[in-house]
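In this document, chain identifiers A, B, C and D correspond to the written order of the chains, with residue numbering beginning at 1 in each.
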Amino acid sequence: MLIQASSYFEMQTTCLVPGIFMVRPRSAPNQVIMEEKFSFTPRVKGNDYIDGYGNIAMRLLIPEGDSTLESSVIAECTETIEVNMDAAYVPIELLPDNVLQFLLPSRYCESDKVTDIATAITGGIQPGYAQVECIRQWVHTNFTRQYGTTNSTTSALDVLHTRMGVCRDFTHAAIALCRNLDIPARMVAGYLLGLDPMDLHAWFEAYVGDRWYTFDALMDQPMGGRIVMAYGRDAADVAFASHFGNVVFKKMIISVKEVT
Amino acid sequence: MLIQASSYFEMQTTCLVPGIFMVRPRSAPNQVIMEEKFSFTPRVKGNDYIDGYGNIAMRLLIPEGDSTLESSVIAECTETIEVNMDAAYVPIELLPDNVLQFLLPSRYCESDKVTDIATAITGGIQPGYAQVECIRQWVHTNFTRQYGTTNSTTSALDVLHTRMGVCRDFTHAAIALCRNLDIPARMVAGYLLGLDPMDLHAWFEAYVGDRWYTFDALMDQPMGGRIVMAYGRDAADVAFASHFGNVVFKKMIISVKEVT
Amino acid sequence: MLIQASSYFEMQTTCLVPGIFMVRPRSAPNQVIMEEKFSFTPRVKGNDYIDGYGNIAMRLLIPEGDSTLESSVIAECTETIEVNMDAAYVPIELLPDNVLQFLLPSRYCESDKVTDIATAITGGIQPGYAQVECIRQWVHTNFTRQYGTTNSTTSALDVLHTRMGVCRDFTHAAIALCRNLDIPARMVAGYLLGLDPMDLHAWFEAYVGDRWYTFDALMDQPMGGRIVMAYGRDAADVAFASHFGNVVFKKMIISVKEVT
Amino acid sequence: MLIQASSYFEMQTTCLVPGIFMVRPRSAPNQVIMEEKFSFTPRVKGNDYIDGYGNIAMRLLIPEGDSTLESSVIAECTETIEVNMDAAYVPIELLPDNVLQFLLPSRYCESDKVTDIATAITGGIQPGYAQVECIRQWVHTNFTRQYGTTNSTTSALDVLHTRMGVCRDFTHAAIALCRNLDIPARMVAGYLLGLDPMDLHAWFEAYVGDRWYTFDALMDQPMGGRIVMAYGRDAADVAFASHFGNVVFKKMIISVKEVT
């Protein structure tokens, strides 16, 4: 299916502020970028680079005063995501080299501190996909989606106590729990068709069987219609907008729809 | 300035043919991609990857029968290219690590076999930018642009004898001569505003002073208005279309214009 | 100067345990590896790979029962480290692309949560090297080196409260404070000549002026005689030994000496 | 098995000459580096870097006058190489992204110009390993090993006419023929136990079935006991010693033996 997604940001600053934006889609399995647009008003000279995870990041100086960033993408993606309860746990010695880093704890996924809860949730479950799905369901069931309960410093450990947050927090919690079981897990930032209310979205992938599988702790059911914008260890790596100075985001409009 | 460039290919095959297309623009100094489109008809599942030079390559199976590929890009680029006759030769021990590979001979740039001519052309010239410009002018002056005189197996050595060819051949000759003087040189595939007749274009960059400078052996004067699509050692690395099987390119339309 | 450093580990396990060891030296500015040895007894088949930071990591299965790992390195390194109080803060828009990642918070360096203390320590100090040195001295003066007060889950935030720990903790605290000021900082794992008591060591580098400078919050004075083994965001990235299962380290001997 | 290999070069120059040496072993499947030494006399400050193929290259300025370079390596490697006549040709659309580059023609392997001979040799042979082995045997049988018949500018096309050369030339010819059949092939520089007369050695790998297989056109029989030093497209990428200026190699001693 073809999906068109777009982001529109209105920003205001009182001085030049360095910013890094991950609003340019990247290559990913099951995803082909068919069209992409990017504009910043007033026009500023930016430049993009590929980060250590293969994401395309755009650097620019956000100008003083008002500015807007618009980006849109049309991608061919899959209507469904694969579910495979039999995908087995991969012994660490058999993991590809570049997957190993996703076993490590990271800023917002303190996997080294969630042993009790990971063990409790997944007791008796078959190692691999079934464990990940069990974690995903547990987070989905036990967490409440509520804007304003968390902020950019909130970590998995925090929300495993409060059990409230947004997609980012659900995802951090699930990733921390997976890594605690020695299952590689990475964060995905992107767009999801049908998300309600519509917003930028975050979900995760876990490496079981012989590849990365998609999981989304916010949603009831496995759903396709996703455009991957960035991969990383956690939200520190995949922020849509990082800015080093004060920026007021006055308006943000996200739109995702199917096109033909 | 903003430039829009587009490519349109009509292809015909009698069976499925694997193809690799470098029609997606990449990041480059002095270039920001503002909009990009890609479509293939009939729709086929492709996937893109970043090659060893940072280029974005699209892999797909060209379907049996007729098919078309369209791509377009709008990029912010510079109106002029920098000319700096004083940019000095960089001693090899001071070159950045990742520049060293562009000193090596390559398939179409047999720099190890052009010592006599490189020495003859640049005798007495100050090492560095001035040598490269001297080579560029020599190729420009002594070569005749003529379609049909060369093909995909033609190398610098070949055209240094015939002195006829297209932009690709001019570029190969210039690169081979630069490398022979231990000046790193790389091929650029892309679009040039105002090229006449309009076509896909190739030029080169040489590393002198403290960075890569742009040179174009086909043109009289230094001109900006360029969109870089791919970098590489020579045409083997940066082909717009590589196909592994018979494909008839029935039609090819290239367009480059300034937009606002 | 030439330095020889060696590590000897005795391990014991009750089953096969996957392990990743960063005991193979890597290239670094001011460091040339002249000799390197690695042995594991009983012999096991390992394989090494280059991680995302350019470190050489050795993967192997630690066998059941007793085993030993020995590694040694002779490197040419500098007797002193450069001190440059005038090296200025680098505006973020001028940082090299691959340095940007070292501005981000990481598992053990919660730079997003140390604003108060970073501001208090460096008030009135000239942005850049002087700030980093001020932070380094503050940590050095206010922290007590004491084994057994911290463990592998201890982070900068933790030790900024307790102000006790080992080189790893001193380093995490300093890195978090630097990043809070938008100064890129990375952790270094390696060997230091003259460290007393001798041990594996950790220090940090900060990017100011036009390059990475070396800092060591554990030491009184700037000292050379260092062999870099690994770079990373924090201890999660640069552990000498990571193991996924129970391993008892029965003995560990580290030796560092000057040779001729 | 454990193999120790060493190189000793005596060089003489009349001025400082930049050099790049690939004498530090690299990681490879079936190979673990256990010990490595490198020394240059008189002592000079070098620095190493990882090239685009993952090889470790050492850059240094060869001093005026006499100098010597010694390097040695002990590696765990396999006694045999795997032979698998049934490993099938891999359709291009199924090749891993990073293997595709080894389909391209390169400086010394003009695969785009050897269609007639490639077709003639492999007519009727099952696509894949069997074709590669057929090519390898054909080169082995039809080429004569003779020092002094080729030099550093000799390419596959050249030796396919003369049918004389050294391991480097045998390898170039075989690689060009493989690539002509759309089989990825890469050059390997390294050491071979039992080579007679002992020398630096070059062989090749072809990608068939699901991985790279080892082939050696110089040898009668499949033999293990190999230490891989560098991979590349051809000799341009994997030269043990590249120097940019005149260097007389007065003596070169290569030694390879089994150790315990």
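What to note about this one:
In this text, a residue touches a chain if its C-beta (ideal position, glycine included) is under 8 Å from a C-beta of that chain, and two chains touch if they have at least 3 such contacts.
A quick map from chain label to UniProt name: A, B, C, D = Transglutaminase family protein.
Source: prediction; values computed, not measured.
Any chain touching chain B that also touches chain D would appear here, but none does. Shared contact partners of chain A and chain B do not exist in this assembly. Farthest from chain B, judged by the mean position of CA atoms in each chain, is C. Bringing chain C onto chain D by least-squares fit of CA atoms involves turning it by 180°, to the nearest 5. Chain geometry summary: the mean Cα position of chain C and that of chain D are 37 Å apart. In whole angstrom, the spacing between the mean C-alpha positions of chain A and chain D is 43.
Our note on geometry: chain A versus chain C, Cα centroid distance of 29 Å, whole angstroms. Listed for chain D are residues 49, each touching two or more other chains. All chain pairs that touch, listed by label, are A-B, A-C, B-D, C-D. Those residues of chain A lying in contact with chain C across their complex are 18, 20, 49, 51-52, 57, 59-61, 91-93, 97-98, 100-101, 103-107, 109-110, 112-113, 152-153, 182, 236-237, 244.
Every residue of chain D that touches chain C in the complex is listed here, in rising order: 24, 27, 29, 32-39, 43, 45-50, 54, 56, 76.
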